[in-house]
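Shared between the two complexes below is chain A, which has chain B as its partner in the first and chain C in the second.
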Partner chain A sequence: MKFIPQLNKEKLLSPKKVTKKSKVEKRLTVLTWLTILAIWYLVTELRIFSATLVPSPYKVWLTFLTILKEGYNGVSIWVHLGASFRRLLIALGLAVTTAVPLGLLSGYFNKIEAIIDSVVEFYRPLPPLAYYTLLVLWFGIDDKSKVILLFLAGFAPIYIACVSAVRKINQDYILSAKSLGADQKRVFFKIVLPACLPEIFTGIRTAFGVAYTTLVSAEMVAATSGIGWMVLDASNFLKSDVIFVGIIIMGITGVIIDAGLRFLEKKIIFWKGHV
Partner chain B sequence: MKNNLTKKILLIIFVGVLTISLAGCGGNSSNENQTSKALPDEINFGILRVPNDETIAIAEGLFDKYFADKGIEYNLIVFDSGAEANKALASGSIDFATMGNTNAITALSRELDVEMIWIHEVLGEIEALAVKNGSGINRIEDLAGMRIATPFASTAHYILLNALKNAGIADQVQLLDMQTAEIFAAWERGDIKAAYTWQPSLGKLLESGKVLISSKDMIDEGYITANVEVVRKEFSDKYPDLVVSFINCLTEAADIYRNNPEKAAAIVAEQLGIEKKEALLQMRGSSWYTAEELLGEEFFGTSEDSGAFAIIMKDTSDFLQNQNSIEYSPTQEEFNEYVNPIYIEKSLE
Partner chain C sequence: MPRNGENELLIDINNLKLVYGEKASSILALDNINLQIKSGEFLCVLGPSGCGKSTLLKTIAGYIKPTSGSCLMQGKNIEGPDWHRGVVFQSPTLYPWMSVKDNVEFGPKMRDIPKDEIKKIRTFFLEQVKLAGFGDKATFELSGGMKQRVALARVLANYPQVILMDEPFGALDALTRDNMQTLIREIWKENNTTIFFITHDVDEALSLATRIVVMSKRPGKILKEFNVGFTHEIFNNNSKDVIYKEDYFAVKNEILDLIHSQIEV
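Showing the complex of A and B:
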């Protein structure tokens, strides 16, 4: 009862400051993009580089509209995006369901960490392309090898976030819960898991980013659909306008999904920053 | 006060960006001034690992004779197909590039500042559609509903598309874009049962497969493909003599094959890591022409009278445009200018 008004008071105090600050920052962000657009426009207008290297913003816009209307290579852009996101979501789903329990267990029990940690640490810094050829040899050219590549890319960040989250838990919470008679199971679900959730979410967001950057490599071998493949195929014919469109689409969808994840984070972990 | 600060920050950013971009331009132009010397410091060649005159020239040290001995450093950059070579040309990383004529068309269509100066070989049995033994595929029509791998944008891709079109099953197969080494791996795994590719990787597929149709069969139907050499115009304008030297170098290499096929096969076999017998077979799978023959009306023609190859290029280009592979199909006049016989003519003077 006493706690809640205090919270509100805090929230009431801060908005003014926050909005004022964010206004300036928003302006700066918008201005940065306007500057980038202006330079892009200028560079193409002055023909400093050939249109093959740097297509004009207008040309890219026209290509974007054509791709929206007619698709690429006779396949709608939504099918390409759908194919990419199907691979991405399956891989991330697998990564979350395996990395979270394994990570929490590793943080909890040193013996489990001893088994898993070194393997993760070994493959984590490897460039995905280096072992992708192997995955293709083992799992074939279909979606299986692509999903596994994205899974491996996404697994490490979530796992590491989980381990460090468990390590950071304030031991007082666990001890007090125990002294109040909570058993292991309750300690885990009532104390450990909620306390770790914020970091797990950060891990998932990082994992999404890493998996997304791996997407183009994953679609490099024998794909016939996907937004990454579209970019690669366009580069075979030096269609730089399509490459630009593909990259911009990837960038925007990436931002949107990250925003979605942050929204979820706020909804699920409403207590973040108050513990 | 705060507004002032933002304005100042914006101004600084704007000026900073402007200086950087201007400095970038300045750097470029001063570089160009520097290189206008009698000889370049180095030449970068984009090559393909295929049994052709260039491979012999490299193995026999002819590049040393024509370039290194003049004090020019040369670098050989291996590409899997002309599509990659095109990217390197676009960025100016290489001066010369070997590529399929389909890639050379892409280069012209995308306004890369290059010209075509040589035909290494006209492709025959060296590129073919291989199907796996026991797959039950005996005619092209049997491929309906199957997956076929090929390096996209290549000459093989072009011939495959036409063969499928002529058989009326173009929209009933799934084409997979793969590099030659990946095709072999997928073939071994059993992921694909058909692939259109070139030697030497084609040879590995044929160890457990057979040829359904080759580029030679398609020549009879009027679909001609070739590996050609393109050079950046910026380079050829500045050093026309070196372009001529390169043609002499290739001619000397091809003469080894013409005079002594066995010897040439041994050279190629060692360079590509294949059997000598295999190498000879692969080389016989394409037609090599002398400088005199290339100046005939069938190919380059002369500076006054363009030959038939420019027309082949235009036809191929129109096909690629129909496929939506290229957006713009250059005109016949542009192709006549692009397929440039002047350096071959000079090499014979």
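Showing the complex of A and C:
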């Protein structure tokens, strides 16, 4: 008698496990990171590699605190991060405001797609750094060339997401709206645009990821500020602890921003998965 | 019970022919359809699956243009979809980014009706489909039957001349379907609407319709029309007992024979 309700309870709980991380899974994630830290600590403690190449966790922590307090080479870390994120945000802002309307229009009208699509398909698989050299020649080594580079890197994923979103839209949504008296313009703004929002958001998140990696690489190629430049500069002077700090900061900011975007997505597109 | 405006010719379909696709792979979906829908009617269309029932509905709705022949509403050619002909789809196409309330208000809003009037309309129809108090819910929180009731209220809110329904209760369970039939009958009686209703369920057609049209297999033609009145009896007696009567069975068997003769084995 006692076993039956217990079995039932487990059955009821199981669908939750699929959507939300259970305690076991969370612990596994934490354990993974503890192991990585432990291996790092052991490697440095046993001096398997020279301390110049692999600094100890403690030294990296101390460097992190110094960089937070005094900055790198006399320039505050916030200035570097600020410079990086200014480039990123301007470029992504431009990408969203141009790629969303162009993508939706391309999905709507084949003629517009015929104009834009092949160009996007051509440059999308190119590594952004390949044409970055050209952009530097044309627009100078300052922020302008970087913003344009990131804009191009971010444009493609958003554009492609929008085109496919319009293609996949449930036609009955559009037909029913027309039968309820909506004109072309209102069908677009009240039906097509919201119906495409989930995919637009996924596109923006992908664009952010692409733009962020491109940004760091671009700063490593040519810059005098930014988190990527800091890492490159440190490597020139063999300051491996600074490189570690830089990479960890990049990783964490990336995770935080993606979490922020996901949070926004949940708030704005609360109905995702119910289309 | 003669009603105001009854027998006025609303939809007039003459020699309608509809071909899908281009020359080589074209399919003749509808052929030589002649059908008149008068206001106040509850017209049910029955036929084997793939016979073009939905195509006929889409033509009346204005989603597709006839290849030849004409489809008129109050003497004017139907050029495209508009709010005089409301459509209820088999799967309720509620907009999940809008609340139940906003879904029902969508039609009147699109027609720029004053705000306070929209509110009155919404309250009235949500009550009529027995969903008062559900206005602020998200559409995906509702059950299948409730969703279809919202879809119905959304169409009713425009006071269309005719409501086109494409197997609206086809995806519902038997009990819910029974309740929905009672509801649609009451609304039809109360609002004096005209309904064009596609179904594959002979009992559903017999218990709702004032007229039943049976279509042939593809290319869809109209085989026979039946004038029936069981829906009035069910409404007046508030009971479905009529379905056990002799004359009900006679019509039902005739319709079933007709449909079965169209299905290839």
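Simple rule for what comes next: the second predicted complex is superposed on the first by the 252 of 275 C-alpha atoms of A that agree within 3 Å, B and C clash if a C-alpha of one lies under 4 Å from a C-alpha of the other, contacts with A are read in each partner's own complex, and residues count from 1 in each chain.
One rule holds in what follows: a contact is a pair of C-beta atoms (placed from the backbone, for glycine too) under 8 Å apart; a residue touches a chain by one contact, two chains touch by 3 or more.
Note that the structure is predicted; figures quoted are calculated from it, not measured.
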item	value
Fit-or-clash call for chain B and chain C when the two complexes are aligned on chain A	fit
Touching partner for A:112 - first (chain B), second (chain C), both, neither	neither
Partner chain(s) touched by A:247 [first = chain B, second = chain C, both, neither]	neither
Touching partner for A:197 - first (chain B), second (chain C), both, neither	second
More chain A residues in contact - chain B or chain C	B
Which superposed partner A:177 touches (first chain B, second chain C, both, neither)	second
Touching partner for A:90 - first (chain B), second (chain C), both, neither	neither
Partner chain(s) touched by A:271 [first = chain B, second = chain C, both, neither]	second
After superposition on chain A, the shortest CA separation from chain B to chain C (Å)	33
Chain C-contacting residues of chain A that also contact chain B	none
Residues of chain C that touch chain A when the two form their complex	61-63, 80-83, 85-87, 89, 91, 93, 95-97, 106-107, 110-111, 138-140, 154-155, 158
Of chain A, residues touching chain B in the complex	24, 27-28, 31-32, 35, 39, 42-43, 48, 50-53, 73-74, 133, 136-137, 140-142, 221-224, 229, 232-233, 235-240
Touching residues (chain side chain B, partner chain A) in the complex	2, 6, 9-10, 13-14, 17, 21, 25, 83, 86-87, 90-91, 106-107, 110-113, 149, 152-153, 174-178, 182, 185-186, 189, 191-192, 324-327
Touching residues (chain side chain A, partner chain C) in the complex	170, 172-173, 175-183, 186, 190-191, 194-195, 197, 269-271, 274-275
